[in-house]
Amino acid sequence: MKIQVINPNTSIEMTHSIDASAKNIASFSTEIVTVCPKKGVESIEGHYDEAISAIGVLELVQQGRLDGIDGHIIACFGDPALHAAREIADAPVIGIAEAAFHVASLIATKFTIVTTLSRTKIIAEHLLHEYGFSHKCSKIRCIDLPVLALEQDENNTYQRLKESCLLAKAQDDIGAIVLGCGGMSKMVNQLSQDIGIPVVDGVGAAVKLVEALVGLGVKTSKWGDYAYPTTKS
Amino acid sequence: MKIQVINPNTSIEMTHSIDASAKNIASFSTEIVTVCPKKGVESIEGHYDEAISAIGVLELVQQGRLDGIDGHIIACFGDPALHAAREIADAPVIGIAEAAFHVASLIATKFTIVTTLSRTKIIAEHLLHEYGFSHKCSKIRCIDLPVLALEQDENNTYQRLKESCLLAKAQDDIGAIVLGCGGMSKMVNQLSQDIGIPVVDGVGAAVKLVEALVGLGVKTSKWGDYAYPTTKS
Amino acid sequence: MKIQVINPNTSIEMTHSIDASAKNIASFSTEIVTVCPKKGVESIEGHYDEAISAIGVLELVQQGRLDGIDGHIIACFGDPALHAAREIADAPVIGIAEAAFHVASLIATKFTIVTTLSRTKIIAEHLLHEYGFSHKCSKIRCIDLPVLALEQDENNTYQRLKESCLLAKAQDDIGAIVLGCGGMSKMVNQLSQDIGIPVVDGVGAAVKLVEALVGLGVKTSKWGDYAYPTTKS
Amino acid sequence: MKIQVINPNTSIEMTHSIDASAKNIASFSTEIVTVCPKKGVESIEGHYDEAISAIGVLELVQQGRLDGIDGHIIACFGDPALHAAREIADAPVIGIAEAAFHVASLIATKFTIVTTLSRTKIIAEHLLHEYGFSHKCSKIRCIDLPVLALEQDENNTYQRLKESCLLAKAQDDIGAIVLGCGGMSKMVNQLSQDIGIPVVDGVGAAVKLVEALVGLGVKTSKWGDYAYPTTKS
Amino acid sequence: MKIQVINPNTSIEMTHSIDASAKNIASFSTEIVTVCPKKGVESIEGHYDEAISAIGVLELVQQGRLDGIDGHIIACFGDPALHAAREIADAPVIGIAEAAFHVASLIATKFTIVTTLSRTKIIAEHLLHEYGFSHKCSKIRCIDLPVLALEQDENNTYQRLKESCLLAKAQDDIGAIVLGCGGMSKMVNQLSQDIGIPVVDGVGAAVKLVEALVGLGVKTSKWGDYAYPTTKS
Amino acid sequence: MKIQVINPNTSIEMTHSIDASAKNIASFSTEIVTVCPKKGVESIEGHYDEAISAIGVLELVQQGRLDGIDGHIIACFGDPALHAAREIADAPVIGIAEAAFHVASLIATKFTIVTTLSRTKIIAEHLLHEYGFSHKCSKIRCIDLPVLALEQDENNTYQRLKESCLLAKAQDDIGAIVLGCGGMSKMVNQLSQDIGIPVVDGVGAAVKLVEALVGLGVKTSKWGDYAYPTTKS
């Protein structure tokens, strides 16, 4: 089984970090192919960055399809171009936000999201609303660090994350925490240990959900709105 | 006042048609500048087409901003790249789907949408859900014609539209009808007369709403998630 | 174009203040006719005041219709008798609460309402729920001043409003603020400047939306529940 | 215990019919005092009729309060002026629509409403939405008879009602039916027998719910938005 | 009229306390028969306790039916086995959580729930969501005492309850308070007096609602999902 | 990895059928242990059957935990005792209804459920509402066969299922179908082929989701409402 993990931004550093997380969690027989677009935005921190990243994501999905990929992951917490990707894909496509919401919902009745900048909260809210998880999300907390700063001072990043997670555990009536950025992926194990409640990373969640769909033999539906795009002159 | 009307697809014919509708409804003192991207998709009939069209829309918004535009309209019923456009715009930005929903809500308690292909129904449903109009939309009806076919046999198009609108009037417990495609814009007056209840075209609705916002002196908020995109290295 | 602005309470002072706000924002070619009922309540601060004010509003709408009015505005934040007014009107009818919600939704993803007494919060909540804007309203804040006190010590009123707006800007994850009383109308420009984010006044919003509907040529639907009332013996 | 049943329209015939229904269901120790306003509308079949009826309802509530009434019922299926009435009442106030929804919810998971004219469907929808019963209402069916025609040809009325109820039983996946007009009250027992599933009449339901509240010793809250109206100069 | 009050836990002390509350509020002609299962859990403080208690509740409903009971009450705030009980019952069945929500909704626009342990908050949330009262509940507050501790130090219990209720009154924009445990039943009168706003106890509410349904002559629907269970080999 | 599949009813035949489906889809390294309670109901076709089955499910979960099970599946489409099972489990617990909803949501924007008796529709509706998938479910269709009849005339069962699925594909604007009973599990592959759109069986879906959670290293949260039940005297 070959899973394509698409980092929608152009940061090589974050692509490597996501790749490591994905490989770390993948089954023995799963090959992880992590890619990022050559052109696009260096980090995704708003509606504009998301919209811009779509074209790169879609080109990579198309390339992955030609390469015989068995499943695609969109590794940015806004799930950019998810529906569009499913339209051109044959294999399953999963976004890391939706993956994390699905997994958290299976182990807890409510969860808190801990993400980067407060301007991205609305993106998570829109996704929760569209997917149907709004009533399961108790709160969206921010650590107020830009995406690319996450890796600059990892100690600081970790301390802020830990602080937010502990507040969530103490105050939010939750059973689990969702990490709201692919760049936080590498810290999930340490956080789970330090916080003492399940912490869900979307990258890992997406890898296992794609494996599950492939194992189940179901693919993206080609009937209805996910049918291949209409051809034009 | 200068309003930029962006047709997100590359069809020159539809751009002209939208331009005529917009000019027809604009106030005497409003200048309409209708544009379409040079590259992109010829018609927008699904998630993929929408995602692809975003980059063209955003480039045109940026260009419009440099040209001193007072308001932008995204003239495709899926409102592609709406939030992203607001992030880079200073002036108001309105999509024709949201414009039509807002206007219909001000003159009727419920409305039916009549659109093109059934695969696009989910896009309208997602917008209704996100914007908060789901409970005001009684039904989404399709005439099962591709966007570009609308202009090929206008008589046929009109007959199908009329038939759907009459069914909606008779069966859907509504007070108004929303036309679900920029390409239907030119038929709105004839339809209103023939159906005998208000028929709302998003292009016209958007022109008047942008004029209203400009007249009111309010612009897209630059506080929060619509602040200009974060700068990157 | 002649727009009738109905202040549903009997306060002459507030009627003048609303009149000035409406005239200030109206287009050059729009004539504003501001009226208030001769009998009724001096201020509207609850369900009872609203219900009582309905009859005056409806008589004025009927009078306006005879006078050839092109659009009606109900200038109280509870939108009293809105549906009923549409039933007897031919022209568009807009309430200032709905007007403000619509406008705020076009320039920001979320907004906070700043209103007068806390007992009126539920009225705003009911309207948000009915209209479909609940998920766009982050918070309803009160300045705890009765409606008629707004004009008694305008400096105090302004300071309290400003304080609430600044708190909203800092804490509520919003992009815009909605003023929750027609009596705050005159302070909207100063507030917008001092707060630094869009502040939306329903009176101005309603004037521009009515102008938009009239310009668009759409009137209140006379099909379905907004048809003229059934005649009785 | 003295319960005031307010028929919000001026029809003496319907007032008598409602009075009979209320007395028929009231406990031995309950005195029923049925009243209707001297001025107002002869039947309530839309938003306008409702708004107009409010003033009569409120005057009667106030009179009832002076007369030492223990509970008030608003016997029109749109629950006109319900919140306003609670503001000026001390005793419990219940509308027959809400009463029927509450009772139906306690004996079935879903119900269908059978009402008069289709233009009144939206009023029931708004109430279901506001009260929180939307997901429990499977369908709203109309017999397309004006309110006052209900009593003109009772045989015809009954046949139409029965037909609608049987369709509801067969097709709507429901466990109970709610009658959507005070004027249908007298037919509830015959319908229950003929249809073979519980049929709920709001007048009877309201009488028993008011008795329940009085027996429980709870009154309309005077804290918050139901506190007595603010006094004005 | 004979009403069976089922305490779903095995605590004799709490059964007596609930019995006293029910008898205190019941009409003169109503006979209260309070029972609890012989086997089961001593207190219900979570999903597991609820599920386990179902079998005892259902056996008692079946027994009550044989004994000619006119109505059943499930006297635990999670309404355990409510739908199942209705399936095997002929008479009305009411849970004390739903009873309290219905009553509170008839006297106030919003309410706060004060309950025992914070782990039970999700149960109340699920019920509010299923029944349709979510938007009427402002907050769920906990006194952080286990169910069985309520009766051990009644003075302490009362002080904590009072403190929570006073905070709710001051901060939650509500008109009424709902007590979230059958074991708090006996304190409802004192609390109502001390807090000065209506405090609703589910046991009393359920008694009066069952009396209302019986008086109205409606029983649990035997059409649809509440029909008697299908028979098996 | 050892997964316990719990058939909540006592039918040995169905237990074997579910066992076969689970083993068929499980990974090479996964051991499937399918069990059913010794006492309980032979088939689950309503609220009562569900409530009764809870105790057997919970005993088997407890037993499974002692046996070192890595994950539990509740293989009845009503997900009976799901929250309760999570409270006493340490490992993940998944119901087949939720599993099917999650999987269908990852490959299509909307789905239809095809289930057995119409009286069970409300159970699916309640789950969709609680889990947040209501807006993704287009319709619930029934084949009107009792659960145990599914296996009596498999040819008839298959024809009815196929007919319902084809109607769903043609009329419901969906991309996938969810089978609403564990007893339909064995027909999923044939149906997928014959219908030509993805058909999701909850048993298979649950097996792969449990494998995913175990592979991800997340377990049922033991913080909050899923903490182990409180101990009592």
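For clarity, chains are labelled A, B, C, D, E and F in written order, and residue numbers in each chain start from 1.
The definition used in the following text is that a residue touches a chain if its C-beta (ideal position, glycine included) is under 8 Å from a C-beta of that chain, and two chains touch if they have at least 3 such contacts.
Which protein is which chain? UniProt says A, B, C, D, E, F = Hydantoin racemase.
Treat the numbers as computed from the prediction; the structure is a model and nothing was measured.
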| task | Identify the chains adjacent to both chain A and chain D in the sense defined at the top. | result | B, C, E, F
| message | Under the over-half criterion for shared residue numbers, do copies chain E and chain F use the same patch or different patches to meet? | response | same
| note | Whole-Å distance, C-alpha centre of chain D to that of chain E, is 27
| Which integer distance in Å separates the CA centroid of chain A from that of chain B? | 31
| task | Could you give the separation in Å between the centres of chain B and chain D, each centre being the mean of its C-alpha atoms? | result | 43
| request: Give the residues of chain A that touch two or more other chains, as numbers and ranges in rising order. | output: 83, 86, 109-110, 118, 121-122, 129, 135, 173, 224-226
| task | Based on the touch definition given at the start, go ahead and assign the chain network to line, ring, star, complete or other. | result | other
| task | Sort out for me which residues of chain A touch chain B in the complex. | result | 41-43, 45-52, 54-55, 58, 81, 83-84, 86-88, 117-123, 126, 129-130, 146, 148, 224-227, 229-230, 232-233
| field | For the chain E and chain C complex, residues of the former touching the latter | value | 109-110, 135, 173
| task | Write out the stretch or stretches of chain D touching chain E in their complex. | result | 25, 27, 83, 86, 92, 94, 98, 102-103, 105-110, 131-136, 169, 173-176, 196-198, 200, 204-205, 208-209, 211-213, 215-216, 218-226
| message | Show me the residue ranges of chain C that touch chain E in the complex, using the header's touch definition. | response | 118, 121-122, 129
